[in-house]
Amino acid sequence: MKRTLIMLVMVLLIVPSLVFAAGSKEGSGGEDLFDIVLIGKLEHPMFDNTFIGMQKAAKELGGVKVTMVNPAEADAAQQVALVEDQIAKGVDAILVVPNDPGALEPAFKKANDAGILTFTHESVLSKNITFDFEAFSNEVFGQNHMDNLAKAMNYEGGYICFVGNLTAVTHNSWVDAEIAWQKEKYPKMYLLRDRLVSDERTEVAYEKTMEAIKTYGDKLKGVIGSSASDPPGAGLAVAEKGLQDKIAVVGTSLGSMAGPGLDDGSIKVVSIWDPQKIGYGAVWVMKQVLEGKTVADGTDVPGLGKIDIQDKVIYGDKSGILNITKDNYKNFTF
Amino acid sequence: MKAKHRIKFDSSQNELNQSVAYFSLFVLVFALMAILQPRRFLSGINIQQLAFQIPEFGIFSIGMMIVMISGGIDLSIITTATLSGIISSIVLLFLSHRGTMDLGALLKGIMADDTIRSGLHATMPTGISMIGIIVLTIFVALAVGFLCGLLNGFLVAKVKIPPILATLGTMRLYEGIALVITKGAPLTGFPDEFIFLGSGEILGIPVPMIIFILAILAVATLLAKTPLGRGIYAVGENPLAAQYSGLDNSKILMKTYAITGVLAGLAALIMMARVDSIKVGYGNSFLLQSVLVVILGGVSTVGGTGNIIGVVFSVLILRVISSGFNIMGFSNYMRNVIWGSLLIIVAIVISSGFRFIKKTKHIDEVISR
Amino acid sequence: MAEEHCIVMENISKSYAGVEALDNVGIDILKGEVHCLIGENGSGKSTLIKIIAGVITPSRGACITIHGKNYSKLTPVDSMRQGIQIIYQDLSLFPNMTVAENIAINQLLESGKQTISKRLIHEIASNALKTICIDLKLETLVGDLPIAKQQIVAISRAVACGESLIIMDEPTSSLGKKDIDCLFRIIRTLKSNGISILFVGHKLNEIFEIADRVTVLKDGKSLGTHDIHELTYQKVIELMTGKALAISNYERDYPSAEPLLEVRNLSKRFQFKDINFTLYPGEIIGVTGLVGSGRTEMVSSLFGLNPADSGKILVNGKLTPIRSVRDALRAGICYVPEDRLSQGLFMNHSIKNNIIITIFHDLLNRLGLLESGKVKQTSSLWVKDLAIRTPSIELPVKQLSGGNQQRVVIAKWLARNPRILILDGPTIGVDVGAKEEIHKTIRALAGNGLGIIFVSDEAFEVVQHSHRIIIMKEGQVVEIVDSKDVLETDLLEKID
Amino acid sequence: MQKQQQITSKLLFRHETILFIIMIVFGVVVNSINPAFLKVENLFDILKTSSITGMMALGVMVVMISSGMDISFTAIATVSMGVTVRMLIALDKGNIVVAFLVAGIIGALLGCINGFLVYRFKLPTLIVTLGTSSIFHGLLLSILKIPYLYTVPGYYSDFSRLSLFTFTTADGAVVGFSYLTVLLFVMACVVWLILRFTMVGRGIYAIGGSIEAAKRAGFNILFIQLFIYSFIGFVSGVASIEYVVMFRHVHPFNMMNMMNMMLNVIAAVVLGGTSINGGTGTVLGTLFGVWMIYMITNSLILMGIPSEWESVVIGFILILSIGVNAYQKSLRKVEVKIIES
């Protein structure tokens, strides 16, 4: 008796959730719209914001319907499956923020064969695509981080760099650019050790910064983070040791995440691109392409500015970098 | 009269019933998806997608199944695959670009420089050696998997570390070695002949699917028809009795883990060939899923019982559900809720299916009345 | 009424899925008596005690009176409150806890205390041990104790609760003579304290030694309660098995072939020392001694489970070092272990798969795969040969009864066609009828020229069924006697 | 004489002792590479950062003693963290004590569901918790829609700065003994008391030793199972608030995304001498196990190990220390056998 009751509850749990889930994401709309799908790396406000930009574009430009699906974990295999499912679903264009660019190529190829256009974001190496969208080049972004850090640590002393994962291509190219730029521009500064890995987790960035403080003592003057949770983690460690005036933390992050650190001075400045703008610009470009028009180098794209097309990569202009500080972080919704 | 009723419950019958149950569940799920989304789900392309998606995950799952039948678990299965994929792709890339650059430069070059690679393709000697190179690559991948598995087996069987801990350690170790070799960079640019293994078709059937089916047949034969297979079941069910029966437990365990390692190597090959790249961290989400599928497939969590049919059907069921949900645009989290509920429901059904037998404990006495 | 009843049960019936396990059974236990409940396996003994414990509810119409109080339905809590305590065959101890904790735990539970202290636990435990006049180290882990001492812990636990009725389910099945004497002494002490004992068992000599009254169950029906003085061995066996049992004496042809196995100066540190004996084809050698006398250690060293430190083993006159189980198997030595559940069987696997586990190499086809035809044929053959009662060879072994399970273990080894078969306590936990069948099997095997080493506690059994007897004590051979020249009682003396 | 021998050998083979020796050896080795390691400041920091893992490890230990396994605790932690912090913000009141309590209670309730399923259907605990872990986390994310929260009320971070006592070291750094560590120690004591001095504690060991025997002895299995699983739920809830205290944000993945974290906790508990098959386990051993793993992972930078070697080193040391332990255990078995005979 009780057993059937439990089973009933379980079934009741499943059925409405099916309905609920089915109803939640499927937008209504006529069949004549272009179907564009955004596939993020995982569920994250960054991609939500990109999607908001896309929705805004869809509304303002018309003729486009946008949806979003994200893998439950930041895993390339799941993303491949998602792309393949979208092919089956028969959308018109897919915009992916790849976890692993290489892994998606065959899926992209299949999509293209099925007449679906593929686009990427944050993935300059992708091949089977129409365009990749970048707010700016990795090199420029890395140099921006280094400029910020150098200024904050008064152009001298030792520093360390975090990457989210050794396998994160963009993070590594930022760090490469940072180190090269420092060697070129700031001779009094020096790298204390090889890049550290944060696992894209605040607590790991915190623990490793703590350890670095102990290991290098007074020599450590600066920390650059690559994943959005690195500066908050490093900032926490700095704040806890009361070293706000001695160690500068900069890097990639969001205003919302870095806010507390910016407030107490443990984080000096964080940089980011505006995901809504990118989303808007991407939809603008994708719509052009879907309508069979060409997008030329130097076009002024809303959201991206004057674009620079290299091979298949569309770089926005340098105005795309947002440097967020204590004074302005509250102006941003992400 | 009454006795006749009872005879139904012998174990082969049970196994058969179980297989029928899994099969009907599969049909049910498939039909449900087909009814809900007939146009999209039943489209040729989706069915083919499924056929491409299932094999790598499926092979991991049957690998996990083998160790779980032996009473263990292999948490290092994914990183074993990563490591063997990386080492074998170095061999593949090195040999197929042979004579034009050294290994170090190759490793550095792989990541970014597309032009070098296409140039290399042009200069590469064609025909004769490519098959040989691919065979060698396959051999290396399987061999690395074998060695990784052997180390797991050694730690479990000889050093007597609980499997969950031993493979947790080696999971980090293999991942680490792979990171040290590549520094995290992906390896890509495999020759098209190799890609065929992952994306090609023979008579309309995807090559990975063919490999998967062969692997199923091989493992099924191994488990049912070989002394080693029976030994794996025996060690999982009762290691002491196995020892008393003259089986060499540690040898069996070493072989078990080694076979799982080889399967991980095989999965790595398909993975590499399917996505034309290999990188540390690829496929990490398969780990818990494969444990889930094995349990869902009716393998006892303490080892000793379970059969491959259940596991293979669980793989199919989960894949169909998840693909169907993707098409319908479900959120992943809702899917997790449904998976979790499904797992518990299946477990309850399985356990209550056996409850009747537990009560009439000594069947022979009942019959002999 | 002069004698006070502890418990009276009438009209007890119970059926599982239409099969009657108990049919209108009645039993009454007097205060301060030792009441024996006997019957073959499957006769309903365990169902009956589970009903007394309240674990199983009987069919309607049952009438249970405990200390004058009527119950139509008994719950485990009622049963415990009324001072009924069961010592199960598996003892139901906690191997990971200390002796003191194991003894005290039931009393603590009953007292409803939520907190405990070590002092209290020790007090309860030492009191209980004092009651039965036994000394045990309180801080030892029970899992580290030998089985006989575990039994004492289980009894002490029941005593600690101040019970009025203690039910012992085959308590002597894993005990040596000395331990059994000790147990009986404890039982008598308990009896003199006014505690009733329901003694479930099947070793007749014990029953005649300890029982006041006997209730016999057969096929779920009671064959009445008898005063022990009204009964004889013969009568009891007839009641239990429903047929007159001929105790035939073993044909004691002295074998005259070359020796099959010679053991010379076999020793292992801390376990046994200077073992010497010879085994001839067709001979049954009984090995007996107390638990801890080194008998199991010695025979398991012959099987390579516990390789000896020094000494020589000759098989067929050839020096054969046995360092592992495989060495032993190669030499044609097989071993039926003492604990068939944990050492002999794969409970969830089919009978077929249990039997073929030792003979894979015979069943392979040219591809090196097991041939299912041969597998079925071979296993069915053995099932038939050893008269294992089962509807199918695909049935999991756990669904068989003890006697049949034991025969599966024996079949597994016979399938290998051994020359020497070591049987360690093959009749433990097997009832009289099944025991006789196992004895028959053993004799038939010896008749086929096998050399058999037969380890057993039961002097009666050893004298009846072997040519010669090795008596072991403290790791050494006391004497090797011809069973013609020894009486059961002599043997018992020599063992101690 | 013989007795003395037995006692020394017992001490030698005690799990905690071996673990302690390994820890000391490891500490000395690291310290010889970088003297910063054995400074009080660093040790206190390790104690503080390991307190979250330690808290969860206590719960896992209790479950494992009862011969169960719970892998839903990270999901429970995530759910109780998300719900608690949100709820208190929405109500616009609350303080740190309330937060700890509410999260603990939510965790305990979720744990109760596990306990009930385990008891009622006699299912393998691994399956139940594997199932509920995706259910809990999935429901949190899809129905409750708990987003990221990067600004949390001040009382969380205030608590993080509180120290039981502080002192200044020779080189001028201010070192504090965090209340988070105190919390772990208090919880460890509570667990120790429960396991040692209450009938529930004995019941947990009893179930781990033999559930059938425990039933026959008259233990209330339902109550004990509910206690076990709601206890691990409770400590997971508490640990989740510790997370908010330390890192000042609510994140639906960081705690959950920790398959590594989950495995680390389980590894720590097993390393600490708790048997996977149930029945044995001590609080001290578990704490040692946690610290051991923390010492390994938090000394890699001090030792100057390049990032790409991290996994290799961790894997290697893990295998080594577990191997030594396993080997020592098999020695003990032989020892017991000899003493017995």
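To keep things simple, chains are lettered A, B, C and D as they appear, and every chain counts its residues starting from 1.
Here, contacts are C-beta pairs under 8 Å (C-beta built on N, C-alpha and C of every residue); 3 or more make two chains touch, one makes a residue touch a chain.
Keep in mind it's a predicted model, so treat the numbers as computed, not measured.
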item	value
Reaching subunit D from subunit B through chains that touch each other, fewest steps	1
B-C or A-D, whichever has more C-beta pairs in contact	B-C
Mean-CA-position distance for subunit C and subunit B (Å)	45
Averaged-CA centre spacing for the pair subunit C and subunit A, given as whole angstrom	70
Centre-to-centre distance between subunit B and subunit A (centres being mean Cα positions), rounded to whole Å	32
Multi-chain contact residues (two or more partners), subunit D	121, 135, 141-142, 308, 310
Multi-partner residues of subunit A (each touching 2 or more other chains)	3, 6, 13, 17, 20-21, 24, 43, 73, 166
Each pair of chains that touches, named by its two labels	A-B, A-D, B-C, B-D, C-D
Of all residues in subunit D, those that touch subunit C in their complex	197-200, 202, 205-206, 208-210, 212-214, 216-219, 278-280, 336, 338, 340-341
In the complex with subunit D, residue positions of subunit B that touch it	75, 155, 159-162, 164-166, 168-177, 179-180, 183-184, 284, 287-288, 291-292, 295, 301-302, 331, 333-344, 347-348, 351-352
In the complex with subunit A, residue positions of subunit B that touch it	40-41, 43, 45-46, 49, 52-53, 56, 111-112, 114, 179, 183-186, 188, 195, 198-199, 271, 274-277, 279-286, 322-323, 325-338, 341-342, 344-345, 348, 352
Subunit A to subunit B touching residues, read off their complex	3, 6-7, 10-11, 13-14, 17-18, 20-22, 24-26, 43, 67, 69-73, 75-78, 80-82, 84-90, 100-107, 114, 125, 127, 165-169, 172
Subunit C residues touching subunit D - in the complex, by the definition given at the top	53, 55, 76-77, 80, 86, 88, 90-97, 101, 105-106, 108-110, 113-117, 144, 146, 270-271, 292, 294, 297
